[in-house]
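Look for chain A in each of the two complexes below; its partner is chain B in the first and chain C in the second.
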Partner chain A sequence: MSQKFGDYDYSDLEPLPLDSPETDDIILCRIMYSEEYKTLMSYMRALMAKNELSERALYMTELVIGKVAAHYTVWEYRYKIVKELAGEGAADNAAENAADNAPDGLQDSQGPGVSPSTILQRELSWCGRIALENEKNYQIWHYRQLIIGLMIDLLYGGDSSSYDIEKEEYPIISKMIKDDEKNYHVWSHRRWLVETFKLHSSKEELRFTEELLIQDVRNNSAWNHRFFVIFGGKTMNRDLDEEIEFVKLQIEKSPTNPSSWNYLRGIYKKMGLNIGELKGFVDKFIGKEKEKEDNLSVQAFELLGEIYEIENEKRKAGEVYELLGKKLDVIRVNYWEQRRLLAESN
Partner chain B sequence: MSPTEKLTDTIERQLEVENSVQDIYDDILEQGSDKFPPLHRKAHLRYTNLFLHRPLTPAFSKLDASHPWIIYWLLNATLLLGGTIDSEVKSQVATDILSYVVEDEGGIGGGYGQLSHLASTYAGLLSLVLIGDKEDFQKLDRTKIYRWLLSLKRENGSFSMHLDGEADCRAVYCALCIASMLDIIDDELIKGTADWLASCQTYEGGFSGEPSDEAHGGYTYCAIASLCILFSPSKVKELIDVDSLVRWTASRQYPIEGGLSGRTNKLVDGCYSHWVGGMSALLECVSGERQVLRRVSLQNYILCCCQGETFGLIDKPGCAPDFYHTNYVLCGLSMCQYYQVYDEKKAERQGCAFGYRSVRIGDGDVVDNFERNKVLPMDPIFGVPEGYVDWLRATRKD
Partner chain C sequence: MSLHTKKHIAYFKRCLGVLPTSFESEDSNKLAVLYFSLTGLDLLGALQSSFSEKDRADFIRWIYAHAVETDKYYGFRGSMVYKDTGVYDPPNLGATCFALQSLITLGDSLDGVRKKKLMRYVVDCQRKDGSFAPILDLVTGLPFGEEDSRYCMIAATIRKVVNWQGTEYDIDIDRLCEYVRSIKAFDGGLSMGRMCESHAGLTFCGLDSLKLVARLDRRDWKDTIDFLVHRQVSYNKYNQRELEENPYGDAEDNGGFNGRLNKYADTCYVFWTINSLALLDEERLIGVNEAKDFLLTQTQNEMMGGFNKTNDSDDNYPDPLHSFLGLATLSILGFDGLDGLNSELVITERAYKKWAEIRSDKE
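Coming up: the complex of A and B.
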């Protein structure tokens, strides 16, 4: 029987079944696969059993991942194929082509060696397309990182600075973030880029987070990334006072925003600064007692309590925590009661 | 939020949820307290039993790499609800799971013919544990699995999910659960792991999937449970910043909803009742604080907002039920009804991971309707009802 998918012929393969013969008569957890998926997977299985690392196998993984993006076994197989086609396989091909120099154009099934650069570039753009279709997926971004690693090894002789992040990475990240500005996998990938390509001093990272924070100052993922960029490197390339001013300004725009307060607290802790300095700033939000209670900044009161604690004003600190637990933040009554007890006993 | 604040996506979505939840609470209050929804036990059991007894529609192909998860979620939810697993299903579970075992790696794949995967192996082992299948459990090749785990270990102390796979706190948690259940933990396997986990704590206090990512409920559960597999709660306390973790955890509970969110400024979701709630039960042992979260408010959110219209449990009002949420919302409900104590003697005999014991909560509002709403107490480490993992240590082979 002739079997084709796309431009490739798979007729020589013996398709393998999807389910184990031992579970034939079992209904638990049997998925009633569509005929299309069953056929696809049975040929996928056959290729994997042969460990065939070819263009047609690559194409088959694309079809399967298009159906089931979380199929990690197929992702792993795809990586093996790409490694072969772009790496050792490509070298062999080149050698063969040079050796035969066949004038009458007898080509093997892989065609006249697609260049490693083309293969890997194609992978990157395919990855981007799949990512846009599957926002919550554990495989895609990790796979992309493996491919970037291959490019650096095979194309740039290990020199990571040759990889064009601006062209290859920023556009796809921006698209993804536009769809979901807090996509965990995408932010994790961005963090990986900063780490791998040592971008802690890159102005682009600061600009990127700032732009997102202007759009939505409650985007905690952007705050977290910013923290990593500024404080996660070996040296700090941002003026500390400027950054503190920046976050204070964001707090003033949205005094009940836990993200910016956490960020401010994070800076103080990381840099070993004294939160007592913040008393004047915190007071700005405390004075507004007449405001409706649910508009009061729980975070400002919390910090005030802590400032009282380091000033050794135990009673005042206790009162603030009591106010929080009984009026301003009742859901956390247990927590504030604990804080009060601790403050008063220290 | 302050009235002058710019209306952003975060605020709009938050207000939408607050309003829909508030409407539900108002309705219930209006109808009187006897109309307070109980746990729809029978309906949820009908849901899990339905899917334990019939094949899955083609739409489930999306989960083709997650077969052991499907089995674990359905079994675990059934048992938490007080249901039983009939012997026919038990034998099918065993046959299914064993058919996913990978010959050369020794681990369990996401389905037949797939690579060994830490999460699949975790869910597969738990499935065998839940049906009490000692015989098949002992058929697993512990030596092979140990070697496979070691092959996934990375220099920094973390683990990759599978060959060439991603490495994060989930993978570490699954690896440690597997090794702990099979009793194959040794120094080489866990060298550097605790330090790596500790390095995942962020400036916010929660833990991220990998160092420097954003604090997240799911990863925080994995990190804390992992540390509690390795050490006693008092030792865990020395390894992390407990105060900031308690603060972050308490901040996950939102005042109007009572439910839990997974990250700062994200929405509540029923499944975090387990990831954050279940973690808080361990954190209570670590920190010595009794009520990091307000359990009764969480139970209210679960009962009023996380029960599907027909059956099954859900993320938030308006969502459709799925196996994942059905299981983890019930795990979270269990946390509302019990707290955990660490029994040094038990831990000494069986290892830290096996040292926990549950105690029914004394909170009046939870107790009042206990009979109607009760689910089984959880084992805080492994994600199964209490007691199910105990035989693993009682029937140790060598």
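Coming up: the complex of A and C.
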């Protein structure tokens, strides 16, 4: 039977059907597979069973990922195919094609002598396309990192500095972030890039977070990345006082935003600074001078409670927690009550 | 405002039956669908009444048909689509965990599980940094796949469920604990890796990993508790500006929980947060009634049964995960008419007791 998917011919394969005699008599979580899915999977299964590492198998993995991106070995299979085509297999392919002289366009749409660079570049673009189509996919970014590793090994002789991050990585990240500025996987990938390519002192990373914080000062992913860039490297390439001023300015603009307060506290904790220094700053947001409620910040009271605790002002700390529980943040009354009891008994 | 018990029972029974073609994309997650639905029914006290003893025995046989056994390893595959694909049919830790949880929920003794081979697989999935991969590359014998605390919890659950006391193969518990500590973010929440953004779901997975290996000490996690209780969304007159200025501000999220700072409330994060607190015996620190109200009035699907992910106007369909987690949360909060939940193994108290009984009979 003739069987084609896209430009590729699979007629020589014996499809492995989806029946499973062990479970067919039991109806349990039984998906009504479409004919299309059944055909596709039966050829995919046949290719996997042979472990065929070829262009047509590569194309098949794309079709399967389009249907069921959570398939946990199709990614491993695809990686092995790419590795074969770009690595050990690349030389053989070129030789074979040269000997053949009249390559079958259907069998090898890339033509003769496809270089490892072309194969890997094509794969990277494919990763970008799939990521844009599957925003929440867990596997695609891990897979992309494997491909980057392969490029560094096969094309740049292990020298990671030859990999052009600005050209290959920043544009896709920007596109993804434009669709969802808090996409967890994309931010984790950005973190991986900083770690892998040692970008802690890169001006671009700080600029990137700053740009996103200007757009939305409540973007906690951007705050977290900023923290990682500045405080996660071996040395710090940012003046600490400047950074504290930067976050204080953001708090003054939006005093009820929990992300910027968290960040300020994070710096103090990380650097072992005394939060007592922040008392004057906190005062601006607790309505001390004027009873101006529109500038009140629940987070400022929370910090004030902790400042009193470290200053051993047990009663004052208890009063702040009581105010939080009874008036400012009633939903967490049980938590604030626990904090009050702890503060007063310590 | 009430729980639509009958509709939820009907919903889970539908998930256990014939699923529409749109579930093709969930083909690899079939055992997850099974586990959520069986445990959901069990919370509602309807597992025994919905299926005959023969049905339940068939279900057990169906699950065991998903077992993969090689010379060295044992575990479960996520779906029969993997069967007969050679090196591309390794056990999957997620599927294995869901299979075991489902088996004990159905009252199986786990005598059919090849425990030594299973533990060898789990041990080989552990990476040097202490974390776990979802699968092994059967050719190289090396872990393959993304890294995060989900598989730590899954590995620790498998170990506990099979009651592993072996010394021959065991996971490196010190390294596991070290890994979990390493993913704590600066604000106390746990994350996907060193210095990643804190996340309530990954916080649960990390804390539960420690609980399952008896290494969770409440005193070490004070800032994590602070992170967790702050996941409950609350808008009042003191943070009115958030509703006006935050693009993610939504007054209807009140009482619900977000997974990260400044995000929308979501059914699953109500669970991840409250169950994290339950592991630390602190689930009463949050606004209990507000949390119940959020689930019952905002995400419970009154038409179809089950729970939706969010209260968005275009989010109209329940799914098995959110449906189970919505109910499980109500159970933790002591909702009348639901069985209790064992927070550590995430199975019902009934199933837990039965499992413990079988275990002690063997000893």
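Worth pointing out:
Heads up, the rule we're going with is that the second predicted complex is superposed on the first by the 315 of 346 C-alpha atoms of A that agree within 3 Å, B and C clash if a C-alpha of one lies under 4 Å from a C-alpha of the other, contacts with A are read in each partner's own complex, and residues count from 1 in each chain.
Everything below uses one rule, namely that a contact is a pair of C-beta atoms (placed from the backbone, for glycine too) under 8 Å apart; a residue touches a chain by one contact, two chains touch by 3 or more.
The shown structure was predicted, so the numbers you read here are calculated from the model rather than taken from an experiment.
Placing chain B and chain C on a common chain A by superposition gives a clash between them. Of the two partner chains placed by the overlay, neither chain B nor chain C lies in contact with A:161. Once the two complexes are overlaid on the shared chain, A:51 sits against chain C while remaining clear of chain B. By the touch criterion defined above, A:237 reaches neither chain B nor chain C. By the document's definition of touching, neither partner reaches A:115: not chain B, not chain C.
Contacts of A:329 after superposition on the shared chain: both chain B and chain C are touched. In the superposition on chain A, contact of A:174 is made with neither chain B nor chain C. Taken together, the two structures place residues 16, 18, 20, 22-23, 26-34, 37, 45, 48, 67-68, 70-73, 76, 138-139, 142, 182, 184, 187-188, 191, 195, 216, 218-221, 224-225, 227-228, 232, 254-259, 262, 265-266, 269-270, 329-335, 338 of chain A in contact with chain B in one case and with chain C in the other.
Residues 1-3, 5-6, 8-11, 52-58, 60-67, 70-71, 89, 92-93, 95-96, 98-99, 109-110, 112-115, 117, 161-166, 202-204, 209-210, 212-216, 246-247, 250-251, 253-255, 258, 263-266, 289-294, 297 of chain B are the ones that touch chain A when the two sit in their complex. For chain A in complex with chain C, the residues that touch the partner chain are 16, 18, 20, 22-23, 25-34, 37, 41, 45, 48-49, 51, 67-77, 138-139, 141-142, 182, 184, 187-188, 191, 195, 216, 218-221, 224-225, 227-228, 231-232, 254-259, 262, 265-266, 269-270, 293-294, 296, 298, 328-335, 338.
Listed in rising order, the residues of chain C touching chain A in the complex are 15-21, 23-30, 33-34, 37, 58-59, 61-62, 65, 78, 80-90, 92, 134-135, 137, 144-147, 185-187, 192-199, 229-230, 232, 234, 236-242, 245-248, 255, 260-263, 284-287, 290. Only residues 16, 18-20, 22-23, 26-34, 37, 45, 48, 67-68, 70-73, 76, 79, 138-139, 142, 146, 181-182, 184, 187-188, 191, 195, 215-221, 224-225, 227-228, 232, 253-259, 262-263, 265-266, 269-270, 295, 329-335, 338 of chain A touch chain B when the two sit together in their complex.
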